[in-house]
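Here the chain labels run A, B and C in written order, and each chain numbers its own residues starting at 1.
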Amino acid sequence: MLNIFVCVKQVPDTETKVIPNSDGTFIETSSIKWIMNPYDEFAVEQALLIKASNAGATVTVVRVGGSKDTEALRTALAMGADEAILVEAGDNLDSYMIAKAIKGAIDKSGKKPDLVFAGKQAIDDDCLQVPQLLAQMLDMPSVSVVVGFEMNGTKLNLKREIEGGSLEVYEVDGPVLVACNKGLNTPRYASLPGIMKAKKKPMAQHSLADVGVTDADRRVKYSGFTLPPEKPAGKKFEAMEEGQRAGVVKDVVGLLRNEAKVI
Amino acid sequence: MNFDYSTEQKEIKETTMKFAKDVMIPKASKYDHDATFPQDIIEKAWELGFVNTCIPAEFGGVGFCAVDSMIITESLAYGCMGMNTAIMANDLALLPIVIGGSDEQKKKFLTPFTEKPLIASFCLTEPGNGSDAAGLKTTVKDAGDHWVVNGEKMWITNAGFADLFVVYATLDPALKHKGICAIVIDPKESSGIEVGKPEEKMGHKCSDTRGVRFNNVKVPKENMLGGPGEGWKIAMKTLDHSRPMVASSAVGGAQCAYDYSAKYASERIQFGKPISSFQSIQFMVAEMAMKIEAARLLVTKAAWLVDNHQPNTQLASFAKAYAADACMQITTDAVQIYGGYGYSKEYPVEKLMRDAKLIQIYEGTSQIQRLVIAKEIFSRR
Amino acid sequence: MSKVLVLAEIQGDDVKSVAYEILGKLAGQSIDVAAIGSIPAAAAEKLAKHGAENIHSLKGDKLDHYTPEGWSNALKNFMSDKGYDYVFSGATATGKDLIPRLAGMFDAGMASEVVNFTFDGGTFAGTRPLFAGKCLAKVEIQGPKPHFVTVRPNALGMPTSENAKAGATNEASVDAGTIRAFVKEIVKGASEKLDLTEANVIVSGGRAMKNAENFKILNELADVIGATVGASRAAVDSGFAPHAMQVGQTGKTVSPSLYIACGISGAIQHLAGMRTSKVIVAINTDPDAPIFTKADYGIVGDLFEIVPLMTKEFKALLG
């Protein structure tokens, strides 16, 4: 029996136009389309690939967040995960609280995690903290930004992407948390029969208190959400005609050197 | 009263739209240009359960209601109206079996479609009989232990790839619609079927359209749906279900044109401002949004009536005529908003305009829909 | 005044420049610098010039190469009796992975990838982008100390004045503890250049590159100006470039001094990943491409004509 947990987060669609709310405490969330964090799709897919080749493996998806929309969990169930756990919470938890809540939810499930998957980062707060924090809390090693995964029995070979496209190849024997990057696999679509079957799959719900998280666990506070300052209009040069090109390029290179001073 | 999709329906929309955007749209222009049959797209769509949505659960289908099918069709047409035609034609061909077939026939003919990505063709229209479908000339003769079919069909979608034909033929043209029969023909087990060359079309270029000739084709007795002379009723019931579906494809195409237009209008700068700040453009885009919503509501109601076993002939025609006409107008306006770029094949909207035209024509022209509506109105007075 | 530890990363005979950027901004605090390995003498001298009071080279078994467990155990071991209020690091590939784990060991809070910060009365307050830079927010840390901060490379800029301190060098031996996930080998990537997230100059190609081979002309320009080559999502999705090269919301978020966008239309996801670049140059045939709204210098023209000319021009200027 292999117990696999996958952490998923629900984030605004990448095409969302982000607008700070009126008091600057967060962003306007009323008209946002929520999706599963794109990196989490690789995590779910990897868990499902392992499940497919390990009889008796179960995949449990865990999410901490609002209960109004549960797209991320339902998508994971429709893709093929076995069960889901929702820890109900607001949108503005910090990474420490989220990691602690997931740890609490895993403990509460009564299953000892053999493998934990997560996306390498959530594209909303872009903190890149939860996988490492959770691994530390679970007393597990973790490997992040993973683009290659091989499993032989309990032995894992993980490729982590570092600077310049180089790879660190990790070897791990036993439980580990894997934070997945794009390129690891090709996430499947939720099939329509999968969606219909997902209706009947169990989804546990806990409150933050149920999993032992209180306001005292807050470590990071945000305020003053603003849009980045708009740049003043730049200079535009026409160079579609052959006669214009050389002159324009010379001018722009000169400006980069003398006006912008970046070369 | 509730206008909300169910949670599952929202997810169906989500996953099919994702497929449309990530898998279909990137290939739509190339398939259109080359006029190649989208076999790979159909296979992928089939694996995800997007094809043959009309097959009931007891015969291996997923068990969708009509409203579910509309959602799926709208998304697939959003991805490409031509590819959707290839996919939707399967449903159109299988619906007569779902509607008029015996359990034995359903098991025999429908179940294989749930096991493999097979292709089916619906053969009603003939070279001389389009809108006047009841005047069809293809004949079916009783030859003792089998039927014999003779005649020519025209504009048959998927014909070049069909694993199954559902053919309408008459016992005697003088009997008019009372003589019409619906017959399932398996090309692998029949000889005398002559499939013509692919037609060169204005739009829906990737869908395969051909003439099909049946020359003394022997068909087993058990392949007739519902019995001799039952064909017309089956065809009409099929259209009650398929017309909302075709209407839904018009909504999908229109939504796609609208999305492109709204985005382009916000980005395109003229006179120092995005063109979306000009009323002439705003009015066009507002009109699009309004018509799409109205068309979608008509489609949903027409499908909802099917799901609730209520007559929907009139609503189906409302939906088909309104949505098709709206789609034509919206895609035309999309080209207008894009201006010169819209007319160029480098941009996606001219294809939408070409594709839209067919929806006003097939499955009953916009004019025939109005005749159906008028008949419904005046036959009750 | 706060007691601050800046974690540096050794690179050749120097440390990664983000350490100097951080030091410049920390003037007025009591600062130590530590790195795993031997900090080169030249680097130590520079660190002292920019405000380091103590410079610790941390050494021990199994620390030659980075592992999350080894390095975090070693640093916890080193820090345990030092009473730091804050720990800073660059948001590099290593920093991003190491610091959250280390923060977790102290049950402490962490602010990721700040692009600016202040130290009023010895208390940190940072600014960081969220939603891939589509908005900014103020970030503060509370709870058990030390508080951890990673800083995005190139965001603060190199210090313009010196703040010389003693810079006493020290070697400490540290314990890597138990390492369960260890690095078996390192596969070198094709690029010997700086990673996109650290690059000071980036040349990026979009869908208009048409194919992978055409990236050659971007590489030629990049070689002349010391740039790293990136790509838009459209180019990556079309198979012209690997995902490691992708700039944007589902790729890398970058803020170089100079970003040259070639044949990139400027979808919102792409703009989110590069809008904080100091100077943006856009080359595109479509005069209405959204990228021009973000460009300091826009060239309406064919990249296949413009880029080679630019390479030639820069060669003449720099060579």
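The definition used in the following text is that a contact is a pair of C-beta atoms (placed from the backbone, for glycine too) under 8 Å apart; a residue touches a chain by one contact, two chains touch by 3 or more.
Quick caveat, the model's predicted, so the values are computed rather than measured.
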item: Pair joined by the larger number of C-beta contacts - A-C, A-B; value: A-C
item: Most centrally placed chain, judged by C-alpha centres; value: A
item: Reference chain A; chain at largest CA-centroid distance; value: B
item: Approximate Å spacing (C-alpha centroids) for the pair chain B, chain C; value: 53
item: Separation of mean Cα positions, chain C and chain A [Å, integer]; value: 20
item: Distance from chain B to chain A - Cα centre to Cα centre, in angstrom; value: 39
item: Of all residues in chain A, those that touch chain C in their complex; value: 12, 14-18, 20, 27, 38-39, 94-96, 99, 123-133, 135-137, 140-145, 157-159, 161-174, 176, 181-183, 218-228, 231, 234-240, 242, 244-246, 248-250, 252-253, 255-257, 260, 262-263
item: In the complex, chain B residues that touch chain A; value: 7-8, 11-12, 14-16, 18-19, 47-50, 53, 62-64, 72
item: Chain B-touching residues of chain A, taken from the complex the two chains share; value: 71, 74-75, 78, 189-196, 198-199
item: Contact set on chain B toward chain C in their complex; value: 26, 267-269
item: Interface residues, chain C side, partner chain A - complex; value: 65-69, 92-94, 96-97, 100-101, 103-105, 107-113, 129-143, 179-195, 197-198, 201, 225, 242-246, 249-251, 253, 257-258, 268-269, 275-276, 278-281, 285, 287, 292, 294-302, 305-306, 309-310, 313-314, 317-318
